[in-house]
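Below, chain A partners chain B and then partners chain C, in two separate complexes.
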Partner chain A sequence: MTPLLAAGSTALLHNALLVGAILFALGLVGILARRNLIVMFLSAELMLQGISVSLVAWSRYHGDWGGHVLVIFVLTVAACEAAVALVFVLQAFARTGRLDAAAWQALREATLPRAVDHALPASDAVPPRWPRLARAGVEPPTDEDASLEREHV
Partner chain B sequence: MNGALLELSPGMLLAGSVTAAAAGLWLLLPRGAESRVARSLGLMLGAVALAGFIVAGRRLGGVGEDAVFLTVALVAVVSGAATIVTRSPVYSAIWFALSLAGVAGVLLVLGAQFLGVATIVVYAGAILVMFLFVLMLAQPAGLAPYDRVCNEPLLSAVAGAVLLGLLSLSIGRLSSDASCCAAPSKAAAVQSMKTGSGATGSQQQPAATIAEPADADPLAIDQVARLGGELFGRHLLAVEVAGVLLLAALIGAIAVVTRGEAALEHDRRLAGAGGRR
Partner chain C sequence: MPPLSPATLLVLVPLLPLAGAVLTLVLGRVLGSRAHLPAIAGIAAAAAVAVMLLLGTSSQVGSAHDPHAEPVRPVEMITTLWQWASVQDAYVPPASSAAAIPGTAVGGAGSAARAFTIPVALRLDPLTATLLAIITCIGLVVAIYSVGYMHHDPGYPRFFAVFSLFVFSMSMLVAASNFLVVYVFWEAVGACSYLLIGFWFTRPEAARAAKKAFLVNRVGDFGLAIATFLLWMTYGTLDFHDTLSADGTILPGILGQTRLADAGGIVGGAVGTAICLCLLLAACGKSAQLPLHVWLPDAMEGPTPASALIHAATMVTAGIYLVARSAPLFMACPDALAAVSIVGATTALVAGLIATVQNDLKRVLAYSTISQLGYMFASLGTGTLLGFTAAIFHLVTHAFFKALLFLGAGSVMHSMGNVIDMRRFGGLRRIMPITAATFLAGALALAGVAPFSGFFSKDEILASLHGKGWPNAHGEHHDAAPASHARRALSPGEARGEGATAFRVASLTRSPAAAPTAVLDTPQTFRVLFWMALVTAGLTAFYTFRAVFMTFTGPTRVPEEAGHHAHESPPVMALPLLILAVPSAVAGWWLFSSQWLAHFLTATPSFSAPAVTATAVPHAFHMDLAIQGTLAAAIGIVIAAIGHLGRRSDGPQMERFLGPLQTFFANRCYIDQLYAGLVVRPLEGLAIMAALFDRFVIDGLVNGIARLPAALGGVVRRLQAGLLQRYALAGVMGVLAIVLVLAWRLRG
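This part shows the complex of A and B:
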C-alpha cells in the first residue's frame, strides 16, 4: 500500500477532490441564493478556490506542473475579475443606493414575473440593548480657558 | 456511531451527507425571519453532513486519518459554508479569509508550497482587502433587507446538492475504477521531472546521487525554481497574455469609473433640468 501522503496516492487525490467539490458546490449555492452583489462575488471566488484545490490535487497525482501553472493563471484572472467587477458594483451602488441584485430586475425578460420580497419581521423596531456599565471614576475638572484656546482638534 | 456508519455503502453515505448538507444550508440561509430552532437544527444537520463526509473520505482512502489534512479541510469547508450563510457581508468577507487560510493549508498538504503562499498573499492580501474597501464604501447602516432575505433558498440548496452528489459519486467511482487513472509510475515521473523542462539544468545533479525517500513527491524538490522554469519556459506566451490581461483590467477599471462618474453627473443634470421645468 502506498503511504497516505505519497505523490501518487489515490487516497489523497480523492479526499482533495471531495474538498474541492464541496467548496465549488457551496459557492454555487451562495451565488444562486444570496442577493448582495459583493457576497455573490465572494461565492464566485469560493468556486475558484474549489477548482484550485482540484487542479493541484491532480497535479500532484500525475507528478506534473500543469495544475500548478493553471492555478497561477486562475489567480491572475481572479485579480482582474475582482478589479473590474468591483468597479461595476460601485457604479451600481452609486445609481441605486443598494447592493441588491434585485435592484436591477427591470433588466429581466418581459415575460418573467417580478421578484417580490418576503415581508421582514417587525422585530426590527426593537432598539438594540446595550450593556449597562457601572459608574466609575471621578469626572476631571474642566479648564474652560484651555478648551477655548485649542487651535485644532 | 462510526461502526454503524462504516457498514453503510459509500454511495449511501455520500447521498445521506449531501442531503443533510443541503437541508442544513436551506435552514441556515437568511430567509427574513430569524428562528433559533431552524438555526440550531441547520447547524446540527451541517455537523452530521460533515461527519458523513469525513467517514466517506476515510472510506475513499485513509487520508481522513491524517490530522493535518483533516483539520485544514474542515477549516476550509466550514468557513466556506459560513461565508454564504452569514447575514452581514463584512463577516462574510472575514469568513472567506478564514476559508482561504484553510485552502492554503490544503494546498500545502498537497505539496504546492508556492501556491499556498500565493493564495494567502494574492487573495487574502489584495483581493479580499479590495472587497472590504468596497464594502466600507457601499455598506448602508445596519443589516439591509437584501442581506436578510435570499433568493429561492430551497431551490439553490437543491441545485448545490445535485451538483455535489454528482461530483462525489463520480469521485467514488474513480476510486473503484482503477483502470481509468492508473497511478503514474513514480520512477518515470521523477525521471521526467529531472530531465524535462528544467530551467535549472546546469545545477542538476545526476539522478543516482540523490537519495530518494520511498514516498517522495517528484514535484517537491526545488519546487519554486522549477515551477518558475516551467512557467517561463513552456507557458511564456500565456504569461505574456496574462500580463496584457492585467493591464487591460487596470485601464478598463479606471475607464469605467471615470465614464461612469460623467454619466451619473449627466443624469443628475438632466433630472435637475426636468425638475425645474
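This part shows the complex of A and C:
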C-alpha cells in the first residue's frame, strides 16, 4: 500500500483522473449548453484544465516529468489563446451588441429557418442607459463619425 | 557556280512562291504598299525556272519534224524530297491482284507484304513542265496586274500572300507524283480559292460564295478520297512512278512505266470504272462540271485577278490535269471515258446556253470558262492521243485568252467604279482603247476565229470528237502504231460519212486489254457529242461577242459610280493585257503548225502507254472541220452583231425572243434552286434537328450531371445551421466516434 501521494499510487491516479474527467465533462456541457460567448470560452478553458489534471496525474504515476512540462506548455498556450479569444469575443460584441452566440445564427444557410428555441430577449429594443455626468468645462468637438461607428455600444 | 540540276530547279518552282508567301505574310505590315514585292519576285523567279525546265525537258524529247524519229520515249524525272509516312507490311496483295504484274519480279513473288510509304516526290515530265510554265507565267502576269487593281485595298498584303500561296499549291499539285500528295494540294488550292473568293469577307455575298465554293468542292474531294482508297486497295501503292525496293525489285507505280508497258497492268472492269468515276467526280468538282458547276459563277465575288488566275486559267484546270494524268486508268474503262466526254459536252452546251443571257460581264466569262472546260473534258473523253493532247492544247490557249478576258473585265470594272452589269455602260472603246482592243483579241480567240489561238485548239477538239464519231471518215485507223503519213483530209461531203464506206473498215478496238462491251463508248454517242460541241462553238461566239458589243460599242455611257474618272487603266494594268494578247493571238497558230506541244506531250508517261499510243493518228488539218467550226463561230458573231452591235446595251435585248427559255437560262436552268430544294433545305432541316437535339438532349444530360453535386450539397447544407453549439456537438460526436472505433480496434 503506497502512500496516497507517492509516485505510482493507483489511488491518487484514479482520484486525479476522476477530477480531470469531471472538469472536462463540466466544460463540455458548458460549451454545448451555454450561449454566452465568455462562458463558452471559460468552459473551453475548463476542458483544457481537466486534460491538464489528467496529464499531471499520469506523469506522477509514471514518475516522469514529461506530463508536467506539457502542462506548463498548455498553460502558456492557454494564456495566449485567452488573449486572442477575448479579442474575438470583444469584436463579436462590438458587432452585435450582445454576447449571445445565437446572435450569429444569420450565418446559417439562407434556406434554413431560425433555430433559436424562443425569441431573443427584447432588451434589443431598449436603448442602453449610459451614465450621465454633469456638464463642466469646454464642450469637446463631437466627431459624428465616431458615434456612428459604434451604434451598439 | 555550277549549273543547278533539274531536280533542284524543280524544287525551286514551288519553293520560291512559298517563300514569297511567307515573306509577305511576315513582313506584310512593314512593307505596306510594297507588299507585292516578295510575292512578285518569288513568282517571277519561279516562272523563269519553269520556263528553263520546259525548255530542258523539250530538248530531251527531241524535235517533232524528224521523219525518221524513233517512237517517242517517255521522259520522266522523279526527285523524292522526303518520306512522309512509312508503315511496314501494310499491304498484302491477294493472289490475283493487279498490284502484282505478270512478268516482273513482283509478280513472281506473289503475295509479298508491302510497306505503305508516302514519298513526297516531285516529278518532271512534259505534262508537268507545260502546266508549271503556264501556272507561273500567267500567275506572274496576273500578279503584276494586281498591283494596279488591288491598289489601296486594305487587304493588300493578304491578297499577295494568298496569291503566292496559291501558285505554290498549284505547282505542287501538278508536280506531285503520288495520289495522296496530289490530294493534299488539291485541298490546298481549294483553300486558297476559298480565301480569295471570300477576300472581301465583309460583304455577305462574298462570304456566302466562298462557303458555297468550298462546300461544293467537298463533294468532288470526296470522290478523290474514295478514288485514292480504291487505288490503294487495288494497286497497293499510291505512287505514280516506279520505285526500287530495298531488295532491288521494282515496285510498279500506278502510272509508272513498268505498269504502262504491260498490257494487263491497269485494272478495268467494275473496280476500274469505279475508280475512274470517282476521279471524274473529283475533276467535276474542281473544274466546275455539270453536277457541281454551281460554285464557279458565284466565285466571281472575289477580286478579278483571283478570278482570272484561279477560276479561269489555272485552278479549274486541275480536273483536266487529273484526268489527263490518269489517262491510262481511263483507257482501261471505255464507259468511264465516254462518261467524261458526255459530262464535258453536256456542260459545255448548258453553260453556253446560260451564258447567252447573263448580263454580268464576269458571269458571262465564268459560264464561258465552265463551257470551255467542258470542251476539254469532251476531248479527254475520246480516249485518243489526239483527244488528250487537244485538251491540254486547249487548256494552254484557254489559260491565255481567258486570263486576258478576265483581266479586261477587271479593267472595265476598275474604271466603272466596280459596276460590272453590262446594261449600265456601253461604248467603252472610246474611253479605254487598250482594254477594248485586247478584250477583242481575247474574244476572237475564245470565239474561235481563224488566226487566233482558240480556233486551232477548238479545231483539234472537234477533230478528236469527229474521229471517234466517224472513225473512218478521215481514213484514220486506230490500231496502227507507226504513224503512216499521207492520209489527207477529205472533202466535206465525204467527211459527213457518205464516203466512209469507200474506205477500208478500220478496227474500233483500242487495245487488246480494253475490249469489254462498251455501253456508252459507241460512235453514235460521239456523233451526238460532236454536234453538241459544234453548237457550243456557235453559242460561244455569240455570247462572247454579245459581251463585246454590249460593253465596247454603241453610245458611250458610264454609270454614275464611275464618277468623273472613267479612264483607261494605268500602265501596270494595261501592260499585262498587252502581254497576254500576244499569245492569245499567235500561240495557237504556232503550236498547231509546229505541232510542238502535241509532240512534246507524247513523251508524258501517261500518254505513252500502248493503249494511248495505239490511237495516234497522223497530224492533219481537217479543212471540213475548220469550215464547220468557223461557220458556227461566224453565225454566232453575226447574230450577236444583229442584236447588239452599236445598240444601247440597256435597251430591250434580242434574247427576249427566246421567251420563257430566257427566264429559264437567266435563272441558270434552276439548278441552284434544285440543289436548294433537294440538298440544302433537307440538310438545313437536319441541322435544325441536330441543333435541337444538342440543345435539349445533350445539354440536358450535361446540365443534369451538373445538378447532381448541387442536390448532394442540398442534403449536407442542412447541417450549416449557424449555431456554434451544433458545430461543437458535431465535433464532439466525431471525436466520440473516433474514440469508439479506436476502442473497438484495440479491444484485443
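Rule of thumb we're sticking to: the second predicted complex is superposed on the first by the 112 of 153 C-alpha atoms of A that agree within 3 Å, B and C clash if a C-alpha of one lies under 4 Å from a C-alpha of the other, contacts with A are read in each partner's own complex, and residues count from 1 in each chain.
Here, a contact is a pair of C-beta atoms (placed from the backbone, for glycine too) under 8 Å apart; a residue touches a chain by one contact, two chains touch by 3 or more.
What you are looking at is a predicted structure, and each value in this text was computed from that prediction instead of being measured.
Once the two complexes are overlaid on the shared chain, A:28 sits against chain B and chain C alike.
In the superposed pair of complexes, A:109 makes contact with chain C only, with no contact to chain B. Of the two partners chain B and chain C, more residues of chain A are touched by B.
Note: residues 28, 32-33, 35, 101-102, 115 of chain A belong to the chain B contact set and to the chain C contact set alike, using the contact criterion stated above.
The part of chain C that touches chain A in the complex is made up of residues 717-718, 720-726, 728-729, 732.
Of all residues in chain A, those touching chain B in their complex are 2-12, 14-19, 21-30, 32-36, 38-39, 41-43, 45-46, 49, 52-53, 56-57, 59-65, 68-69, 71-73, 75-84, 86-91, 93-95, 97-102, 115, 117-121, 123. Residue ranges of chain B in contact with chain A, taken from their complex: 21, 25, 29, 31-34, 53, 56-57, 60-66, 69, 73, 76-77, 80-81, 83-84, 89, 92-93, 96, 99-100, 103, 106-107, 109-112, 114-115, 118-119, 122-123, 126-127, 130-131, 134-135, 137-140, 144-153, 155-157, 159-161, 163-164, 167-168, 171-172, 174-175, 181, 183-184, 186, 189-190, 192-193, 197, 214-219, 226-227, 230-231, 235, 238, 242, 245-246, 248-250, 252-253, 256-257, 260, 264.
Taken in their complex, chain A has these residues touching chain C: 28, 31-33, 35, 40, 101-102, 104-109, 111-112, 115.
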